[in-house]
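Order as written gives the chain letters A, B and C; numbering starts at 1 within each chain.
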Amino acid sequence: MAASKSESRKPLKFLQPYIDARWGIKNHWYPALFSHEVGEDEVKGIQVAGEHIALRRANGRIYALQDVCLHRGVLLSARPTCLTKDTISCWYHGFTYDLESGDLCDIIASQEDPLIGKVSLRTYPVREVNGMIFVFIGDEDYPRQPLEHDLPHRVADDYEHRTAYPLDEDTVLLGIRRECVGNWRLAAESGADPGHVMIHRLSALLLSQNLGFPLSVKLKDKDSILIKDEGWPKGIGLDYTTLEHVMENKRLGVKTYGNTVREGLNVTMYLPGVLYVENWPDYGLAQYEWYVPTDDKHHVYWQVLAKTCKTAEERQDFKVQYDNCWEELALKSGFNDDDIFARAAMEPFYEDERGWEEETLFSLDQFVVEWRKLVVNHARGIQTPPKQKTG
Amino acid sequence: MAASKSESRKPLKFLQPYIDARWGIKNHWYPALFSHEVGEDEVKGIQVAGEHIALRRANGRIYALQDVCLHRGVLLSARPTCLTKDTISCWYHGFTYDLESGDLCDIIASQEDPLIGKVSLRTYPVREVNGMIFVFIGDEDYPRQPLEHDLPHRVADDYEHRTAYPLDEDTVLLGIRRECVGNWRLAAESGADPGHVMIHRLSALLLSQNLGFPLSVKLKDKDSILIKDEGWPKGIGLDYTTLEHVMENKRLGVKTYGNTVREGLNVTMYLPGVLYVENWPDYGLAQYEWYVPTDDKHHVYWQVLAKTCKTAEERQDFKVQYDNCWEELALKSGFNDDDIFARAAMEPFYEDERGWEEETLFSLDQFVVEWRKLVVNHARGIQTPPKQKTG
Amino acid sequence: MAASKSESRKPLKFLQPYIDARWGIKNHWYPALFSHEVGEDEVKGIQVAGEHIALRRANGRIYALQDVCLHRGVLLSARPTCLTKDTISCWYHGFTYDLESGDLCDIIASQEDPLIGKVSLRTYPVREVNGMIFVFIGDEDYPRQPLEHDLPHRVADDYEHRTAYPLDEDTVLLGIRRECVGNWRLAAESGADPGHVMIHRLSALLLSQNLGFPLSVKLKDKDSILIKDEGWPKGIGLDYTTLEHVMENKRLGVKTYGNTVREGLNVTMYLPGVLYVENWPDYGLAQYEWYVPTDDKHHVYWQVLAKTCKTAEERQDFKVQYDNCWEELALKSGFNDDDIFARAAMEPFYEDERGWEEETLFSLDQFVVEWRKLVVNHARGIQTPPKQKTG
């Protein structure tokens, strides 16, 4: 028993960009808000990867602009001021910006001001689909990317265990988002981590379904991991239905309960940090998760269930089930709250970068390592830290 | 539309002393407490420009001393201990200081201690007038300055719109003070800023008086600004009754309400950050404001209404009006609370000095720039940051 | 009156190790928990001198291990997971450690993992006696020291005012511990400081006993201080029954009340910060205190009363008296709460090391200076600061 903590592996040099990605990766699409959070003429301010962004809906359409007034740096969203359908004004001195271009097009009390027309607020590409609003965070001159490239792949229509794709017309997305403690990388790493699933072994979700969910799976070699890095989207995953399951540890007296087998259970994590769990929390549903960096110590945890609903009745049934069962049983206390607890618990160890050097990985962390490589090799950019937090 | 945020003006080099004045300017008089806050033998601790100061009243007179015991650095005011009329003692080990000189003149439990008579607490010049206590903050060897030099000028007796001067015998001063978020410079800049008045356009104070208050005024050139920089006090101001008013912005559909004209409305900001608004919030009253730095992120906002009252009845009437109308309608929710909100909203942008570089000024900011110049050219010194906050 | 604060003594160079001991001194025994705080199979996490330690009881015996999982740095104690009597498991991925050796002996969901047997958690020596659990904090290879060396000396059996020794079989220890604000050095310095006793002059404990307790004592020279620095334990003390008492200050009108004399009153402070007050709070009792560093700004304040109880009835009587009288009257509001207030009040002045340079010592601080020397000359090591706080 010679080895001690200080002899544990140092992070490989190629991981440095990952370690630098404390504020997120850029030139990617991230979810911003649920559609119902921004009504007509409402303005909501959010922070993504350190950037303050104001979202406003006008004539039904969503616009996203830098939420920091050029004049004296206050947040536009602090006191939403919308005077026309095509502008947003600062509540303080009346700097008024064109929603589409971000151009300073008026100043309430200085209508002929020479500054008008000379400066612009940054704007952000936006897409709204099936009740979710996405923004593209990155360099202003970065070529537009399709949203599809930053979402899980669309499964073939004829796959027998197929679940709903977020962008399909007949897909219903229901879920929640909440700001949680922990850097986005810790959240993303824990999302599909096959080594952590034993923390859920006594969860109400598993017990209520009598689900034969393993303590873990065996990763024999790299081939156990599905690496999808040609074209977009890019992700890595595990097919739980084909991997060997670990169901108990006799030495320690730990076992998993339940014997129902969940068919079609696949778990995949995509860039820029999107989890896709097929046939979860129930057969026929899909759970999508995002871990959106806000600052360097917090992320917004998006948990969304997707179902194909072809009729109004199906939509309504899904809503009833979501409201009365899945939100609490799958997304909150019955399962995922344990994940939130775990991410927060890791944060102090990694907060000063110490963890990346001192962590001691084991065999199941192959998956985490492959995820880190995916980010290093394929993220479209590393977000530069803001000079300072605003607001 | 070529210019972007990063191309905005850099702060001029001559502004550096202003940027350095994060902890305030020194060798000036600042209000410390209202008289009623320190009863006979009471001790109150305050922080001004990073300095901890204990104020004590003995035989009716106010004394101000360094609030940090020489021995082990505790605040004397944490557990006020006054054993004689001419001393203040530390509650911890009994170090006892002469109120007048600050000299260590006794130690409760070590009456013959060799240290007695060898060290002194710093003392501060004090003046108490019409219910307000002022202290002079600055270098110990700086020549005494008259309080009058750090107050708004006294208006000529025969000026028809004359309002009360704080030091006059028949002046009654009524007001409040509260610690607010925001560096003192942001507070002082917003005090007389002609570009911000539109935030008050829907205030109860204006609407209740049907007051024809503009969205802003036009500053044609530097001559629109009254610069009083010969002799003391030094200030810059605007005469609202002579400047062209902006009453609406048709493009954006914004207008001001009311058509009563307020005569004699002058607004002037003096060193070290004292606002004087003549004939406000009502004709015949004056509003004085101070923005006293506590630390680098907070200031004490003093709001004082002044009125000349020649009889006891007049005093009582003014008190009734102040208590039941002006405090809420003018100083709080009916008007000035919006200013407090605005200062706090600017703080993050300027907190790491970033704002001074990145702000984008417009025509009405000429006034703010002139104020900054006044500070640079005439402040009697820049306060050095404390090594550390105590208490 | 020439001297000013800036001319006060600079700390002597030999004090530097003391100034560096912000996180405590190492290779010493510290109290960790009361026995009743860790029941069978319970796990409790504590922080001592910046180190996170998990204590677990199995088969009645207490084990102490590093509380930071080697894998991803979470605290084991965050969700105690004990699956067998000889292991502790991490709740997150199931890393399972041998209680005795700290070796990684299993991973719940990866039973054949190559990492098993290759790495170890740090373990700590433990001793449990008379209801208190002590841990030895220091270098892993530092020679074991007897707990007796880090406790107050055992008084000779025939000393007429003898009080109970913590390790004796017939000693009963009753007390409390609480985390308080203030670096451990400020707490230890105030523990036996003869200059501060006047803060207790109006305490209910003294008044209720009519105790003739001085405002201070006179320290004529170094010989007034008992220095015990040969062999172990090492401490410095005062014999209050032989020193000249200061009972009043006529100039300031301060006196002490009461005239009962407490016989056998000795006060001694031992390394690593253990106070022993003989015949306190009552004749026949002893008060022991520890000031255990947690981080650099807090300490755990241990207050323990000791009494020799030879019969079950004596034990029960002592318990009744402790519960209904001494805990509140001596350890809390009736006396020691004032000490807690004072330590917190000193913290800002010393927090950035400023206080060590700027403090102005007086004659009674000879005692404090001798204590500092004792630490400099005899502490077995200075604790190195943690890279970062975990948890």
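Keep this in mind: a contact is a pair of C-beta atoms (placed from the backbone, for glycine too) under 8 Å apart; a residue touches a chain by one contact, two chains touch by 3 or more.
Values in this document were obtained by computation on a predicted structure and should not be read as measured data.
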| request: Report same or different for the subunit B and subunit C interface, where same means the shared residue numbers exceed half of all residue numbers found there. | output: different
| query | Rounded to the nearest 5 degrees, what is the angle of the rotation relating the C-alpha atoms of subunit A to those of subunit C? | reply | 120
| query | Between subunit B and subunit C, what's the gap in Å when you average each chain's C-alpha atoms? | reply | 47
| By residue number and range, which residues of subunit A touch two or more other chains? | none
| request: Provide the residue numbers of subunit A that touch subunit C in the complex, in ascending order. | output: 1, 3-5, 8, 195-199, 214-216, 246, 249, 251-254, 341-342, 345-346, 348-352, 354-355, 358-364
| note | Seen from subunit B, its contact residues with subunit C in the complex are 68, 70-75, 78-79, 83-84, 87, 89, 91-96, 101, 103, 106-111, 113-115, 117-120, 122, 387-391
